[in-house]
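So the structure is just underneath, and the comments pick up after that.
Naming follows writing order (A, B, C and D), and every chain is counted from residue 1.
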């Protein structure tokens, strides 16, 4: 059994009335079962949860009044299912793609795939299509781009990552997505909880590619094992999956989105 | 009664096998009733229709083999309902917006609202909030931007329209959307059939803004009366609402998306 | 007699060894005579002056070692000549331009005139050519762009100014230059000392256009009278005319580039 | 003796009156002596030659009236001097650079070095400074960027080359220049005649870096031996060194800028 315990603490200073949105809860998804979860706010707030029509991401929403410390505490126990081995998955002709994956072919705010068509074609066109080609894209990004905190910001596009040759996990994912789309392969972003050695706890972003067999996760940073990621949200790009979106005036004080592999109970 | 007849002909040369998507049918929408509609393809194709989860836009999809002339013919009779007078509608605080309109606050591929915050704030912040302010935005765009065929292309962003100070209907709409979002007002794109004097028949794009009272249409080109537009599709920006998307090799030969105000039957 | 007194104080904190370049001295130029000038550095430095081949701008250069306060004090008395009335100056066909003004037709780092061809042509092509047209450009910029400190930075291009619709004097000048070049009219940047009511003392940047009669100054900010500006430097754009360029680590503490109209001596 | 014969033919169709500028003649330069040269225009034109103050490039200028074929024929015999072996040249601290090379540290229209500081620093900062580091930059570009005709245009910046990972010789040179400037090393563009195996005759662009010992040529395309290039022009970037600049309406029909290593006469 693959059991994971999530223990996520977020603390903010609230300077002015703020409308707040969070995506921090484990997602409903065939590959993971939420065995239990618990959500606490201090001071308490009147919150509600809603999900969006396209990705069924879970959004928490509430208003905050000014206070020195506002704390969110989310805990959950999640069981991961073994996923199918994708290594023999083929790429699909666009004509054979299911209707609902077509939007993941289009350029989006952060994944300016239209600018990368020449580069992607020159670099990857001659490779045999299929899972191994996506692995080659993942590897190419890993070799070309340096992981560096602070090297990018919330306006960094996939093409910018190629200029600066550095980024954080979301930038690696955006570049992977943009290259795939430039080649006519549906791709999208996934964020979740992942344990990464030697890094402070943080949400992790990776990318997911649609092959003949279904969506397959890839991590061009090579920091985490995609099979051990507890999915929070799925989206066209980072626009859809921010863990926090706010309209007001707040400051992040602490972010501790921890995940542990649970002890296996002796049977 | 406000009855409209749509008669839309599209003709293409198909150079190679192509997977084709159309959004040309009248949308299901409270303000319009489709009394009848008819769709013809020549040569005939095996098509299917699907709708997306977020906007319920109607997508036609099929494969095409090479041929000299492929013709689509869509006809429909649509009745428009009188819409409520929005002139007293207020703007809503973000905290009071319904959950489902929040995505329309975010920057998107074509509406780079994050770049327009300074300009939008300086220009429109001091005006009284509400319908009249959106009308002022619409008017400002109309005065600043010149309508000029061929002045933009499929990669033109809202910020580019401010540089070149010219565009076509989708550019006017993108700019309107981006300014609204920069001000914290939900806005999105609507395309449809509209009769425009002295213009060759074409699909028309305008923008829609969420106020206290619902979504309200605006047309910064002032070419069409929004109340006489038959809606085809609604989207975050032009990414969602292209009338044709194709993967293959085709050439547009003829585009005649005509709309007529139907004769009122004597009663 | 038009006599001006310049009294310019600059103070820096020097954090690490720095190679420093200044352009703060009045330029040799037919329209102004330097009656006297004096330059003081505290602590003293070994400096030299050189001029560049194209614009004969005066560059001061020296090394600085760390210190809490490094002070530059430049004083001068400069007499301005009356300039010819340019109001009847015509524009020249490019074929009739002198060889040495041709570089001022080209796009440059800050004046991305190639992006503004469509806008400039649409907006100004139908106006009668000559001085009055440049005045119309100056006026158009004045009406369209808001003067706002802090609205731009050292990477702001002319096209960015059209997006944000705000800038400081160098942005107004860049936009004027870029529009002129987009129309095939040589234009360049001039910086100098100018007295501006209600503003803290600062260097001022304006633009200069080549007409049939010579170079003519324009100020799209309308803050200063070009005829009362004491020229420091002339350049393709801001790249050439920075008052301070440094390679090291310094902080500006005080900037007081003052100019006074000298008392006329009774004769 | 290193003797080269240049035989350059350019043919244009002239559609409308055009003011024409050429930079096609061998440059005056310590490393090359022009033994003889000849210039022919058909139909004949009244031309003059001028040189710019900064680079002493030779500019031909004249007017053209409409004609079906306008032909320029330039021939020259040029002797190259052996250049000093630069392999032990060091990089200079900026404080020790001569005044006249300082402009080659600044970002310019095509060399947007300010965007490349992060990348350049991360990639090359830890290498020992000097000739070998510039060779490493040259090699890195050669490995990263694909030479591909048509992959770029006259608006392609150094940062665009990093996005598209392809370019032609001027793009390779712009990238080399931009990386050097981002590291605080003066760099500029040189164009000239070079024989390149398996390529149609064309002008060649490479870059030149200032080290302790003087300017040294580098060719990141590795197509030509810099020591066998006959220099035509030197500049900040491609803005300064276009072989043809025109104001009017012309079409290039033929471009044959040939260069041959001359037979050595038996003595």
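As a convention for this text, a contact is a pair of C-beta atoms (placed from the backbone, for glycine too) under 8 Å apart; a residue touches a chain by one contact, two chains touch by 3 or more.
Listed by chain with UniProt protein names: A, B, C, D = Transglutaminase family protein.
Because the structure is a prediction, the values reported are computed rather than measured.
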Please decide if copies subunit C and subunit D contact each other with the same set of residue positions, more than half shared, or with different positions, and reply same or different. same
Centre-to-centre distance between subunit C and subunit B (centres being mean Cα positions), rounded to whole Å: 46
Centroid of subunit C to centroid of subunit D, CA atoms only: how many Å? 31
Quick check: how many Å separate the C-alpha centres of subunit A and subunit C? 49
Contacting chain pairs, sorted by label, are A-B, A-D, B-C, C-D
Which of the residues in subunit A end up touching subunit B in this complex? 17, 19, 21, 50, 52-54, 59, 61, 63, 93-95, 99-100, 102-103, 105-109, 112, 114, 155, 184, 239, 245, 247
Write out the stretch or stretches of subunit A touching subunit D in their complex. 115-116, 118-119, 122-123, 146, 148, 151, 159, 162-166
